[in-house]
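Both of the next two complexes hold subunit A, though its partner changes from subunit B to subunit C.
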Partner chain A sequence: MSTTSTTSGPAGKGSPLRKDGSLRKDGPVRKDRGGLARLGPLPWIGPAVLLIALVVLWPVYEMVRTSFLRISSSGFVRGSAGFDKYKQLFAEPSLPSVVLSTVVWTVVVVGATMLVSLALAQLFNQRFPGRRLTRWALIAPWAASVVMTAIGFKWMLNQTAGVLNTLMTDLGLIDSPRDWLGDPATAWPWMMFVAVFVSLPFTTYTLLAGLQTVPGEVYEAARVDGAGPWQTYFRITLPLLRPAFLVGVVINLINVFNSFPIIWSMTHGGPDSDTATTTVFMYQLKNSDIGESAAMSVVNFALVVVMVVVFLKASRWNQEEN
Partner chain B sequence: MARSTLAPAETAPPAVTARTAKTARTTRAGAPRSARTLRPRTLLIAAAAWLLAAGFLLPYAEMVITALRPADELRDAGYLPSSFEWANFVDVWRESHLGDNLRVTLLVAAGSTLLVLLVAVPAAYYTARVRFRGRKLFLLLVLVTQMFQPTSLLVGLYREFYQLDMLNSVWTLILCNAAFNLAFAIWILTAYFASIPVALEESAMIDGLGRGGALLRITLPLAMPGVVTAMIFTFIAAWNEFVMGLTLSTVPENQPLTVGINSFIGNYTVQWNFLFAGSVIAIVPVVVLFALIERKVVSGLTAGSVK
Partner chain C sequence: MNKRSLAAVSACALGALALTACGSGGGSTASADKDVTLKLVAADYGDKASNSSASYWKDVADRFTAANPKIKVDVQVINWNDIDSQVKTMIQSGNVPDVLQTGGYADKVADNLLYRADEVLSEPTRTNLIDSFAKAGEVDGKPYGIPFVASARAFFYNKALFAQAGITEAPKSWDDVKAAAEKIKAAVPGVTPYALPLGSEEAQGESLIWELGNAGGLTDPKGAYTLNSQANIDAFTWLKTNLVAPGLTYANPATTDRKTAFADFAAGKAAMLNGHPSLIQMSKDGKVDYGVAPIPGKAGALKSTLGVADWMMAFKGPGHKEQVRAFLDFAYAKENTLKFDELYNLMPVTEDTLKDMTGSGKHPDLEPFFALLPNAAFYPLGDTAWDAVSAEIKKSGGTAVNDPAKVLGELQKKAEAAVSDK
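Coming up: the complex of A and B.
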């Protein structure tokens, strides 16, 4: 990659030079500068565009193409499949429940994360002895790999020797150790708990950053005007936190919707596809039929696009309001 | 987020943000009456925070304990093992591909961080300084990349690198990790560059430095906090990356640590002690790295996203 970025300078001196020469008007050009300047934005943003094209746009194309192909398990293309893979996908008996699970998973995890993070941010924004140390502890799930954290929880929930089973038995919460992850009814809540657990640090830090941009005078004024703590929070802090909150929601929506490592590490989406979201289901299909898996990806991808568009609309609306 | 990416010029300069943050802090600190009269409240807050902190560390503490458990005590339900088996760390190193996995993870994390910097710094700088044709389109492209995670493109990525015959290559993982972290780096760096006064560069350019020279000698040193933030975020994200490693590397010795430790999970038995010995080796450096920049995390987020 780095070689491409250096060669794009001199190599581009030929034809794109004339084409891009006209672009110079757009920039605040002050002095006559040499070759590099006459190329316009190309040497500056070219490598970034190339990298995005190679690793993000090409796979999108490849994914859509694969969903219309008949491909053997060893990777040979056997011809066009038309819409067969989509028909096959939509005929999957577990698809409706997988989509429903994905929606519930996303809404519950993002909702819980935002609520808990609001409280955590408020708490860790106070001054108290050991604030620095406790904030370090809060960072651990963010810095540690999600896969490893999820496997850690899987181990703590182990029926024979899991420390959480032991703890809950000792506290009298359950009669005997249980196989929490074997039953979808208990596996889902635990996986949601882990998903919230790993999302909290980033979200809390985003909100903490938002809290620090609120000038102290605002609170001073509220206090002078006789506002109580709850009134201050709902009338002043929350509205001012809105931009940070919005960032938190969006990043979490994307992360949680696409969340794969937690479920994959803890249940592999099983039994069958009972604890799978669309991304996990896609990976399950990849092992049996890559074309159908690609069709699932395209559907999944379309859902992400819808989310992105909704967000862009929402943020523009947000801007107009300001 | 979209706002800051599409209009980085409006982004609050980090310097200013830091100042307001400091003002806020001193105002709060400058109200000792609340600290003195509400002593029990402070204690309550501290207790809650310490309890929560312990809760956040619990899974990792359990990992360390398990990593040190003797193999024949793995099925015991007791909280602590009878003795700590430090040799587990030596054994896991000798009996698995962990060394190879660690090498892959290091190469991928370092390589993609370097690549992101090489690609993102010029792009972010140019976007922050020059209103060129296609600027909006470029920023939209970056935003869209930010929205798409590798998970949603897995099948496409696999097919692409299968056809290029580049599966099981460190270079593939470097390229992929760089590409998916590029958006965040460009976004945060654009905000930083936009906050640095143009006048400084202009005088340098009048003195005969080109735009490249001005960037290298004047702007880049001033934007160092942003560069460091982007670097560390990329490094950590690449270090912890899982799905692309799982999909694009199929041979154990070419897999990163996050994927490699799964080899301790067999069909019937799991070598939990080795699994977590490997995990601890992977987690500790990053947690230390992250703790070191804890303060920068807040200012980095403020500059890049929040305002």
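Coming up: the complex of A and C.
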């Protein structure tokens, strides 16, 4: 896949295609078709539309509808709640700290993932003996279920029997085994570590794919012009890596923001909601009030959409094409 | 046109599918002759795969179906951490079980989801229930919750660790607990002197025990919530300054579950805790030489203790009243309840089983608990807001050891909101 084809998918459709003479011919032909004939493509796109309606639009509708319902603690629907559930949600004493944690969590995890992945991708792009094997090995955290990885780390961090605790004590890093996940101050860094760990493979492979599309001639030209390694990296590699980098950031933003299994398996968001992101907080609210929990989901949904749109705007996603 | 009618046909077909799907769940009230499958959802009392409640219920269901070939029982056993939320999902999606065995019943009464106990129990089975428990199953004077098993808390201590630390008798007051914990910490490092599990698994239990120790509690005599009473705040303040801060218990009680505390005690890694009878077998398996004593209070050993009952209830939704009655009468027969109680060292809630267990002399371990049961204090089980309040305490109650007044104050606010919402 070439660099241009990756980006022209979501971004470039508009202008270049319309400028294309051969496609313009389509215009008059379409005019001749009337009524039923227009439904021609339906059998082809129908299944996809139906699938989207069923697994995306309908759940979104149900989520929004639930957020306006009064549902008893036993789960029984008692009628409409108006905006009460939203008011109740915004009055939750733990909400501000949860939102702040979510922002920190997302920024730190995505940032660290991108940085480490850039380095890893660079490494795996070099020729060295055993490269194929190490590339395979990198897939492991990705191939393993996230819940499994998180529970694995939870056990390794266990205070009485955890192997990481034993190791750190033996190495003299800590005096005695500690309850890492019980205290938010230490639980957050560990969970962020696990989140970065499971995000690395996908991001590294995305960047690696991007690196492989950079033509060798460009580097050659740079060398001829006398650019040093850092200059080459910042002036040539990074700019040409931009499309792959953006794909990595956007997908990681969504994934990490919505990340539920890691936090839920490791701390359940506790104590109270001190290690919860908004997604985990939504799940915690489910225990006391499903309507309020749905309201949190709606807010979450809006946040993700806004975040991605803002990011794409800020990074001028389709600048390359114009 | 063709396409549109095709769409209409397929929509109808889908609708019809959905309707029949609903129908199979709800419509079979008809005759008792028809084959019926009852859905039983129950909590798992086992602590490992080998003693899971699933095998107990499968056995009961098989024997019941052998005796009543027209009624099959579909058993689903769910662990304690998940059962509340899963049951909620079932109710919300209209997919309720016929029979549910879990920790609370009253919130389901508020929405008129349950049969009354006298509708689904025959007269002999109903009179066989121990009075105090049958009473605890009433909401506004009408019986809804059917007690299933009971349990009481007592103070457990590890005799070997006590001897190592030179302590000769079980602590009676909070100060004794603290003194013992200090000696143990000094003499046997690496052991948790007092295991304080205030994690989400059962924060409401452990916290109520300490509140009772200071003459506090969850409600006033009229039944209004008093979660942030001065006595309760003082109890948590004592815990904070005397056990948590000096490191005489877990570093983070608010994230430590009861399961962990019990496992630690059974492994000889915790010296003292408030336990219930299931800890007896665990301690024996772990070869821990344990002692049982009344729960220490602030001024001296408590006369009362926390009594816990778990409940059986029958949902109206599927409409299998007759079949449910047949099943419950079978499940409450002495041979079944006795087997369950003995399997998990739980207290019986039926007269015949209690008589058998106290009279047979087979249960000397349980005798301290039988003695405590008449004075047990219960959660406000008949309050239809209790389940919501309990869920809030489970979530954030444990953090009261960090900031007692603030956390209990917020809980009280939530409890009042839950009461006004019921």
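As a working rule, the second predicted complex is superposed on the first by the 269 of 322 C-alpha atoms of A that agree within 3 Å, B and C clash if a C-alpha of one lies under 4 Å from a C-alpha of the other, contacts with A are read in each partner's own complex, and residues count from 1 in each chain.
The definition used in the following text is that a residue touches a chain if its C-beta (ideal position, glycine included) is under 8 Å from a C-beta of that chain, and two chains touch if they have at least 3 such contacts.
Quick caveat, the model's predicted, so the values are computed rather than measured.
Q: Kindly classify A:151 by the partners it touches after superposition: subunit B alone (first), subunit C alone (second), both, or neither?
A: After superposing on A, A:151 lies in contact with subunit B but is clear of subunit C.
Q: Under the stated touch criterion, which partner chain does A:160 make contact with: subunit B (first), subunit C (second), both, or neither?
A: Both partners, subunit B and subunit C.
Q: So in the superposed three-chain picture, is A:290 touching just subunit B, just subunit C, both, or none of them (first/second/both/neither)?
A: In the superposition, A:290 contacts both subunit B and subunit C.
Q: Would you sort A:224 into first (subunit B), second (subunit C), both or neither based on which partner it touches?
A: Neither partner.
Q: For A:78, using the defined touch cut-off, is the partner it touches subunit B, subunit C, both, or neither? Pick first, second, both or neither.
A: In the superposed model, A:78 contacts subunit C only, not subunit B.
Q: Pick one for A:51: touches subunit B only (first), subunit C only (second), both, or neither.
A: First partner only.
Q: After lining up the shared chain so the two structures overlap, which partner does A:59 touch, if you call subunit B first and subunit C second: first, second, both or neither?
A: So A:59 only meets subunit B here.
Q: Using the touch definition from the top, say if A:210 reaches subunit B (first), subunit C (second), both or neither.
A: Once the two structures are laid over each other on A, A:210 reaches subunit B alone.
Q: Which partner, subunit B or subunit C, is in contact with more residues of subunit A?
A: B
Q: On subunit A, which stretch or stretches are contacted by subunit B in one complex as well as by subunit C in the other?
A: Comparing the two interfaces on subunit A, one with subunit B and one with subunit C, the shared residues are 36, 75, 160, 286, 290.
Q: Please give the residue numbers of subunit A that touch subunit C in the complex, ascending.
A: Touch residues, subunit A against subunit C: 36, 39, 42, 71-78, 93, 159-160, 178-179, 181-183, 267-268, 270-274, 284, 286-290.
Q: List the residues on subunit B that touch subunit A in their complex, please.
A: 1-3, 12, 17, 20-21, 23-29, 35, 42, 45-46, 48-50, 52-54, 56-57, 59-60, 62-63, 66, 74-79, 114-115, 118-120, 122-123, 125-127, 129-135, 138, 141-142, 144-145, 147-149, 151-160, 162-163, 174-176, 178-180, 182, 186, 202, 205-206, 210-212, 236, 239-240, 242-243, 257-258, 261-262, 265, 272, 275-276, 279, 282-283, 286-287, 289-291, 294, 297-299, 301-302, 305-307
Q: List the residues on subunit C that touch subunit A in their complex, please.
A: Contact set of subunit C toward subunit A: 1, 3, 84-85, 87-92, 107-108, 110-111, 113, 199-200, 250-252, 254-256, 264, 269, 385, 387-388, 391-392, 394-396, 398-399, 402, 407, 410, 414, 418, 422.
Q: Enumerate the contact residues on subunit A facing subunit B in the complex.
A: 1-2, 5, 23, 26-28, 30-31, 33-34, 36-37, 40-41, 43-45, 47-49, 51-52, 54-56, 58-66, 75, 120, 123-124, 126-149, 151-153, 155-156, 160-163, 165-166, 177, 197, 201, 205-206, 208-210, 212-217, 219-220, 243-244, 246-247, 250-251, 254-255, 258-261, 265, 279, 282-283, 286, 290, 293-294, 297, 300-301, 304, 307-308, 311-312, 315-316, 318-319
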